[in-house]
Every structure is written in structure tokens, then in C-alpha cells.
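What follows is a pair of complexes built around chain A, which joins chain B in one and chain C in the other.
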Partner chain A sequence: MSSLDTNETLRDLHSAATSHRGDRVFNRVITGAAFTSLIVLAGIAIFLGLQAIPAFQSQGLAFLTTTAWDINTDPPTAGIWGMLYGSVLLAVIALVIAVPASILLSVFMVFLAPPKIAKILTNLVDLMAAIPSVILGLWAFYILNPPAEEWQQLLNQYLGWIPIFENASGNFLGTPFIAGFVLAIMMIPIVTSVTREVLGRTPPELINAAESLGCSLWTMLRYVALPYGRGGIVGGVMLGLGRALGETIAVFFVLKLVYDTNWYKVIESGGGSVATLIVSRFGEVTGPFELQLLLAAGFFLFLGTLVVNMIANLIVSRTGRLQK
Partner chain B sequence: MTILFSEQTSEESAAQKPLHPWRKKPRKFTISVALAVVLPFLVVLALLLYSNIPGALVMVIVYLPLQLLAAGITAVYNRGVRSIGDSMIVVLAIGATVFSLVILMSVLLSLVVRGIGALSAHFLYQNSVYINPSTPLEYGGIGHAMVGTFLILLIASIIAVPIGIATAVYITDVRGRAVPYVRFFVQAMSGVPSVVAGLFILTIAVSTGAFNQSAFAGGLAYAILMLPTVARTAEEVLKLVPDDLRTGALALGSTRARVVLQVVIPAARTGIITAILLGIARVIGETAPLLLAAGNNDGTVLNPFDQAVASIPVYIFNNVALPYPDAVTRAWGSALALMILVAVLFTLARVLGRGRVGKY
Partner chain C sequence: MSTAEFESVQTLEEQMVESAAPRDLAMDARNLSVWFGKRKVLEGVNIAFPERTCTALIGPSGCGKSTFIRTLNRLHELIPGAALAGSVLYEGKDIYDADIDPVHIRLKIGMVFQKPNPFPSMTIRGNVLSGLKLSGMKRDDHDAIVESTLTSAGLWNEVKDRLDHAAGDLSGGQQQRLVIARALAVEPNVLLMDEPCSALDPASTLKIEETIRELSKNVTIIIVTHNMQQAVRVSDHTAFFLAAENEPGHVVEQGLTTEIFSNPKDQRTLDYVNGRFG
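Take a look at the complex of A and B:
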């Protein structure tokens, strides 16, 4: 659209126009507003970080490395290791389900489906992304739970000798598997929309060349389309991961929160999640000290998601630049 | 198989289609493919009808492997060993698509089937002042929650929309030195977990004492979540406004402020509305920030500063796990109402987004 030429003309015109006093004010107002996002991010880090200091003073590093939530004892002990680990475990389960499903779904939309069906599917995936998490939680609690309980029982019955399918309690509800499954459902539309776009941008010349060399769809994907879009796909997965780490309400309904570390037993009742800890403890918070602990937990959740998200955006924007 | 031609090449596919006009599909090909589709289906149908293994399990542990096997055999039979990968990927891709669609349909259908019983006129306008979880469905409703959600969204929009559009204008029109950083921070902000946004507002409220749980606090928390969506969509839209309009207006002697306010933004108004609608749709179902910042209330609250206020997501949240069937039905009913709101917002945004951006 705009060539270098018009860009330069524009810049000259702009610099001429900024000499006007009203424009200088306008510029300042707009620039100030543009930095709101930075101010908010810094504000979150500072306000929550300040609250984390008393939590650290009372608990020390144990706040991050131990698992406990005994507020009424003297002295109170609290540690969120199990919750941090639980969040990661749920995210890993979600990734294992959502990544292959989303990549296959976008392969179907880009390379297999007729354009009309692909368009309908795109809209449906967007609709899926629009489902509020509280509704997904409601659905999971009443619709997903009964069959999921049955699947997990069968898994345990036939594959129980594999350590991750151990279940000693006989309770198959509130397991990391169900929570991870719900997170996977939230991740699929996010990952799919990025992956679909990236795969759709594979240059047709490359595809045609691969096919004229005798590649089948599978070899074309394996050696052309997936390597070409790898950066974008990884970025999309990381975006979904950021969402999964921060998800609160849907997990709240399907995960039994235990103050213990569930290391690997994905179909054993009980697990952890930082975001869910905050909401579930907030309802019955006992005093300002416990609130501070929750704010400290929120601070670490914020840091974690921020890092994941920033890496994701860097990857996505870098591949975007390469492909131009 | 037409799979050799991707969507991208559809414009050229007319020219490419007759690449092998001589290769007619032999009858054994058609028959074997038909068998590969029908046989696994029949086996599964028999299992579903005459055994008591749960349906979802049959699909996963019987149908999928069987279909993969059938597709593989057919591929080898017709086109040799090397086409196995192809047949597998086709079956798996269709499987993933069906999986996603089944889940989406299950969510939507269960909302309609279970929620429709609660929906009625009084459910939409009454509040819950004299309602407890065991009250029958003839009484009470989500009127107070609708008012609360509307109030919170209004406050969030008043805060987030101007800032979001200003951020977009900075990127597209002011073009200062910090553009890459602003973009980066907006993207980073879009990853803030909703519960953290709620906690942040709560901390401000607690540490400054300026306000407590209220529609205003909820609106602030929503604004944090809304801002990145509005800014990013508005940026895309403002980019579509032709530079000719800008240079034209500047050449006529207008100041930059006037160019933006009277030329660029009016030219992109439908797109800007789309950005606002998408921003609202992004936050309307968020529960965690409101649980923390806005609280809950059984009555209708119109004052945005004083009291805790009800909202639809929090209403659903509070009714989901209650041991009373009527309360659960209320949760489904309000979830249906919320989903309809979200769907309407998205459809509106789509329809407007398709409209003419950047033209008068």
C-alpha cells in the first residue's frame, strides 16, 4: 500500500504538522495513553510485589519450595510449591492433548477441507474461543465429569501398572487429567487459530514444488509446511500455555485442590493450581496476613505467565518478520 | 484424491486440475475406499448397539485404530507402502476435527437443553433479594446480575476504549520512537491472567482505601483485560485507512489532531466499533476478577461506587455446585443467557468487520 516514498512524504508532512502547538499537546496526550499498558504492568508488578515482601519475610524461601497452607497455627506456615508444580502439570497435560489436536485440526482446515467448509470451521473455532471459562467449568462439572470418571477407571483398570495411571484412593473425580482436559479445550482454539494462519502462509510455490517432486501430503507437511511454520506454531502453543497457566474458574470446578504435591498421578484425585488457590482461598480468607499470602501467590503467577507470554510473542513476531 | 491441492492454490487449481486427465480412478480404488469407510463404521455401530462399552471409549479405542488400519491397508493396496503416512494424516486430521466439533456441540447443546427451562421473562428482569437456593424457578432471576454486568462493562469501556484507541493511534499515526515497545507491552498485557487483574485492583483498593468492592472496581479490572484487545484490533483497523486520506487532509492544512479525530477515526468507525465489541466479548464472561473486585449482591445495585454488585458470571459461579436442582438450573439458564450475549456480540463484530473500512 504505502511505498517508501509516501512514507517519507508522510514523515515530512508530520514533522511540519507537529510544529503546531495543538498538535504537540495532542501528541503528548496520545503518547501518554500509549504507555498505559506499561504503567499497568509495572503497577501490577510493584503492588503485588510489595505484598509479597511480608509473605517472604515470614516464610522465607520456603514459600516457594514447600507445600502447606496452615494459617491458623502459630507461627502460620504457607508454601505454594505444590500449586506451582500443579499449574505446570495441568499445563503439560493440556499441551499433550491440545497440541496434536490443534495441529491436525489446522492441517484439515488448510490442506484438506474444501474452502467453504474451512470457512465454517474457522468461525466455529472462533466461537469455541469465545466460550467463557465459567460456562466451560459448568459444562465440565455436569457433562464431562461422569464419562471422564468412567474413562479414568478403565485406564486405571487396564493400564494401572504404568506409574502415571496409579490411583490408590478409588476416587476418580477432581483429577489433574480432567482439569488438564478442560484446559486443553480452552487451548485448542488459541493454538489452532495461530497454526492455521501460519500453515496457510506456506508459499504455494513450495507446496507445488514439493508435490511435483512426488511428495505426498504427509511428506509435504513433514518436510515443507511444518518446518516452515515451526516458529509460529511454537509461539501459538506458548500463547495457549500462558492462558492455561492463568486459568482459574474452569479449573476451580473440576480440580480437587490439595495442599500436597501430586507429582505424576494424573488420574488420582487432587492436584494444585496457583490461580485456583487464590480464588478458592479468597472466599474464606481469615485475615490480612492470608490475603497477603494470596497476593504473593498472585505475584508469582503474574511473573510466570508474563515470561511465558513474552517469549511467545517474541517467537511469533520474529517468524512473522522472517516470512515477510 | 484432491488433497494434493491446498487451499492456497485454489485460484490456480482450475489450471492445475487437468494435470492427469488420463488417470481415471479405477473401480478397485473406489470400491476399496468405500470398504475402508464403511467396514469400521459397521463394526463400531454393532459394538455401540450390542455391547455396553461406553460410546466415547468405543470411538477412541476401537473406531480410531480400526479406521487407521483400514485407511492404511487401502493406501498400500492402491498406491504402495509410501502412501501410508498420507492416509494416517487424513484419518487423524478428520478425527481431530470431529473431536473439537463434538466438544463444541456438547457445550452448546447442553446449555440449550439444560438452560432453556430456567429462561422466562421474569428470570431476565427480577432480582434475587428474597431468593434462596431452594426457591422454585417461578421466582427470582438474574435482572440484578444483568444490570451489574452492564454497569461494569460500561465503566470498563469508558476507561479502556479511549486508551485503547489512543494506543492504536500512537502506533499508526503518531509513529513515535517507542512504537515497537508499545506494541510489545500491549501484547504482554494481553497475557495478564484475569485473576491477577482482579488481585491488582483489590490491592489498590485495600492499600489506598479509596474504594472497596464495587462496580467501579470490577470495571477497572475488566478494563485491564479489555485494553489489549481494543488496542490491537483498533491498530489493525486504523492501518487499513488509506494513507491518501491522511496526506490529503494534511495537504489541505489541517493539524495532525484534526487528521486523526476528523478523518482517520471517522473513516474507520465501523472497525472501531468492531474493536469495542470484541473487547467487550473478551471480558464479558470473566469471573475471577469480579469475584475479587466486584463481589456479589442479591439485590439490584445502581450506585457504581458504594456497594458490592452482582454480575452474570459470578451468579453462575455461585449457583453451579449447589445441591439444589433449581439453583443448578438457574446456573444453566444464566449461562445460556451469557452465551447468547457473547454470540450476539461476536456476530455483530463479524458483520461490522466485514463492512467497508477506510472508505466513506
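Take a look at the complex of A and C:
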């Protein structure tokens, strides 16, 4: 038979998968559910976007590129650049702490710990995820702050020559570092449970292959288990990051919110965070205009989270690349 | 037959006399017993592996052949509860001694598994060279290594034009020959093979058997197989493992392959090699 035969009809095999009646109903329910969640998401975006319009009309692009919150002046000036940037800075600090910690913890649980200890650790980490963030915020304020102050003083003393560890004010409380650290504590259980799951699924025959080629545990992880699980681990990190970017109340307790851009001084008192700006102003809002400004800020936080997720997808989809 | 007999060094020396031309030993398992948790799965195994010979390990399923072959390059270490008594000598030293680096041992004692296990996300070339990369060995002649090991593994002609393709795209038999090439690239002295042909078609199997015969001129090969003809075709020596129900496995009989298959001393060996049980 040649491929030029013209009287062949193509049949779509994929859609035939739902030719069973029960499957068809199931299929519709699932599709409906998927669309509902899309509609809810779009609804939120549209609501926030509409609210953001007046704010933009009065402030122009400066709303995104400058940092100010002077509502009672005439005309009022508001700009959230420092807050947007602050949210990202906190997230980066949290990532730098949480990702290595979570990977080490998972490696220990999967490859090194005796089964009993691994189980106990798993439960403990899952329990960590259940701590409400307000409790974590209170804990950070009362328990974490004093030692964290000392760590930062030490960092400044020994590594102060590195710009990020500069501190001119001598005040080591309310710093991006402490806020990022609290966020890291919130991310660790999420990232760890995903990473543990993914590493635990490394095919044993690949581990065997690596071992029989004279791999140490470290090289096995680096060349086999981590590349194998990279997509999943990045996914876990992004889940955690989503939480970190939007986290409000825990940061509210430990970060000194300043209407200024703290570019890089992570152990200097004062920083920004969109979510914390919203919660700290919301209670004492001076009028409908300020409320609109806050909702506009929320809109951009939402956009930011979307962008992060898109970047994550890009990273995950690039993991299929061949290693030479 | 008493267990004491297995444990005596006598058996070992008899073996040496039996082998056609006495050679230096590549490896030597002495009085080896293995436990998984409380369960003893191997008892008092003594087998000597003369240099540059091929030894076949045969026996019914579950009698501990894989367990035994894995002890020869310390592959049980990630299994919780695995324990061992006795010793495994390589170049006259016990590989389980505290001062021995398992990484070094595994480089010298390569292994090929039942299921082909190339690294699927690496290219064919990347797979062959992966042992060098993973163990941090520095070599400059990468192209030469790729060509010579793939040639020894009988795969070169089939893949020489697509070395940069993903290893996962190869057929099962090609993948198995690829992992043989990968094992050879680090220049092991001993190659352990656990049922390397069990997932392959007859043509690939024959290719691999050819490879094994060719390799055993330079490398000591220890192969587990359920295929009696294969044992006869590729091996110089054969050891027959057996485990009675709920008993640990042990070696019933060992010797020259021709002897084991044509003139075994133990009735159980005779039955097994003639396919009457197991």
C-alpha cells in the first residue's frame, strides 16, 4: 500500500477514548470544573484590574516605578516600586535559604536516614506546613528576633565588606533577612515534601547504574537523582515561592515597612512587601481612593505571581534537554 | 554433605587444582553469608574467580545469585538492614575492610544489570563516557574510548552515525550493549553481569555472548544466567546455587563448566542442568 492512497479516512483515536457513556459524563464534569476555576481566576484579575484603572489614571506609570505613599497631600502621590522590589528580594532570600535546606533534608530522608527516622522526620516536616502563619509571625517576633539579631551582627562584623551585608544604622531588627528567613521556614515543608517524593522516585536501576560506575552519593545526586527530579523540584519550589510572594501576616510581624527601596542591604532595618503594604494600610484606609490604590497594588502582586509561574513553566519544560 | 565442608579452605584449593591452567585469582569469596534484616539468604559461599575467565552462576529463582553477585562490588550498601559475614577478596584484600573506598572498588569491578539501564536523558556518547564523568576520571581520548568500547560491546556499527541521539531511543538489546560499553569505559578488571540477556531477543543475546567471550580474554567475567546453553557457551567455570524452602541459599557444586554440565557429582545439579526442576 502506498501512502498516496486517497480513499483512507482518518479516525481520531484520542476522542474515541470517551466513547463510553460514563466516560463522557465524567469528561464533561471534569472539563466544567477546569473551566470554573479559570473563570474564577479571570474574575479576580478583572476585578482587580478595573480597580487599578483610577489609580493608574491619577499616578501614571510612576505608580510602578517610584516609591511613595503620601495620600493626604494634594495631589496624593503613591508608587509601589519599593514594595514590588521588596517582595522579590524577600522571596530571593527565602529561596536562597529554603532550597538548599529542603534538598539536603530530602536527600537525608530518602537516601541516608534509617526508615524509622525518615518517617518521623516526614511527619515533623508535614506538621510544620500546618502551622498558621500568624503563629509563625508571633513566634518570629518573640523567639526568632533576638538570636537573629545576633547572627546578623556577626554577619556584618565578619562579612560586612560584602555590600549585601552592610549595615549603617546599627539596627538589625525588621530586616529583609529576618522576613526572608521566616518565609523560608514556611517554604521548607512544601519544597521538602515535593523534593522528597521526587527523589524517592528515582528509578532504582539508575541509582544502581550510577553506583556501579563508581559514583559517590554526591555525584549520584548531581548527575542522576537531581536531574531526574529537576522538573518536580522546580515545581515544588514554585509552589513554595507562590506562598512566599503572597505571604502577608508573618512578614508583617517582622519586617519594618519603609516607603523606600532597599536595593540589596539584606541585614539593614527596613524593606518592602506588597502584601504587607496592603495589610498594614487596609485597617486605617483614609478613603475610597487609597483603597483603590491598595487594590491596584494587589493587581500587580497578582501579575507578578503569574509571571513567576510562567517562568517556572519555562524552566520545567526545558528539563527534557539532553545531557552530553 | 556438611556445611563445614563448604567453609573449609580445602574446597578452594581443590578448585584451583581443577581449573585447567591455574591462574591468579581476580576475586575470591570466602565463607560468605548475607542477611536481609533477620533473614539469612546466603550461607557459607566459597567461590574463587581466576583471572581472565568467565564464571557462570546458575540456580533456581530466589536462591541468592543476585544477592551474591551484588556483594562482589558492595552494592548492598543503600539497603537498610543488609548485613554480611565472611570476606570478598579482590587483589588479595578484603573489599569490605574499613579502609577500602567502595567507589574505587566499583570502578575496578563493573556491573551490568538484568534490565538495561542507560541514563535516558544522556546521549549515546554521553552514556559511554558517563562512568568517567561520574567518577571524576580525567581522560583526553574520549573519541577513542567511545569507539573502542562500543566496538567491544558489538554496537559501534549500529550507532556510529547517531552518537548524539538520546540513549532512550535505542532498542532494549542495543541499550544493553550500550551499558556494557559504559561499564568497559572505566576499564574494570572484573565485570559482573546479572542475567544480562534475559530481556533480549536471540539475535541480541548472541551478540552479547560473542562480546562476553571476546571480553573474557582480558577481563574476569562473572555472569548470572537462567539459560543453560548460554552458561555452556560463554563460561569456563560454573557454580550451582540452591536454596531449600525457607533456608538460605548455598553453593551445591562448582567446577569446570564442561564437568558441571556433562558429569555433575551431585544429583540435584544433574536434575537442574537437565531442566528437571527450578
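Heads up, the rule we're going with is that the second predicted complex is superposed on the first by the 271 of 324 C-alpha atoms of A that agree within 3 Å, B and C clash if a C-alpha of one lies under 4 Å from a C-alpha of the other, contacts with A are read in each partner's own complex, and residues count from 1 in each chain.
Note that a contact is a pair of C-beta atoms (placed from the backbone, for glycine too) under 8 Å apart; a residue touches a chain by one contact, two chains touch by 3 or more.
As the structure is a prediction and not an experimental result, all values here were calculated from the model.
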(request) Have a look at where A:Pro227 lands relative to chain B and chain C in the superposition and call it first, second, both or neither. (result) second
(request) Kindly classify A:Leu301 by the partners it touches after superposition: chain B alone (first), chain C alone (second), both, or neither? (result) first
(message) Once chain A of both complexes is superposed, is A:Asn208 in touch with chain B (first), chain C (second), both, or neither?
(response) both
(message) If you tally the residues of chain A touched by each partner, is the higher count for chain B or for chain C?
(response) B
(message) For A:Thr73, using the defined touch cut-off, is the partner it touches chain B, chain C, both, or neither? Pick first, second, both or neither.
(response) neither
(message) A:Phe111 in the overlay: touching chain B, chain C, both, or neither? Say first, second, both or neither.
(response) both
(message) I'd like to know which partner A:Gln57 touches here: chain B for first, chain C for second, both or neither.
(response) neither
(request) Considering only the touch criterion stated at the top, classify A:Thr219 as touching first (chain B), second (chain C), both, or neither. (result) both
(request) Starting from the residues of chain A touching chain B, keep only those that also touch chain C in the other complex, and list them. (result) 111, 115, 207-208, 211, 216, 219
(message) Under the stated contact criterion, what part of chain C meets chain A in this complex?
(response) 73, 75, 78, 80, 103-104, 106-107, 110-111, 113, 115, 117-119, 121-123, 125-126, 130-131, 133-136, 164, 166, 179, 182-183, 186
(request) Over in the complex, which chain A residues touch chain C? Could you list them? (result) 111, 114-115, 203, 205-216, 219-220, 223-224, 227-228, 320-324
(message) Quick check on the complex: what are the chain A residues that touch chain B?
(response) 1-2, 6, 9-11, 13-14, 16-18, 20, 22-23, 25-27, 29-31, 33-38, 40-41, 43-44, 47-48, 51, 100-102, 104-105, 107-113, 115, 118, 121, 123-128, 130-139, 141-143, 147, 150-151, 154, 185, 188, 192, 200, 202, 204, 207-208, 211, 216-219, 221-222, 239, 242-243, 245-249, 253, 275, 278-279, 282-283, 291, 294-295, 298, 301-302, 305-306, 308-310, 312-313
(request) Sort out for me which residues of chain B touch chain A in the complex. (result) 3-4, 6-10, 12, 54, 56-57, 82-83, 85-86, 88-90, 92-97, 99-101, 103-104, 106-107, 110-111, 114, 162-163, 166-167, 169-171, 174-176, 178, 181-182, 184-197, 199-200, 202-204, 206-207, 224, 227-228, 231, 242-243, 246-247, 250-251, 255-257, 259-260, 281, 284-288, 291-292, 313, 316-317, 320-321, 328, 331-332, 335, 338-339, 342-343, 346, 350
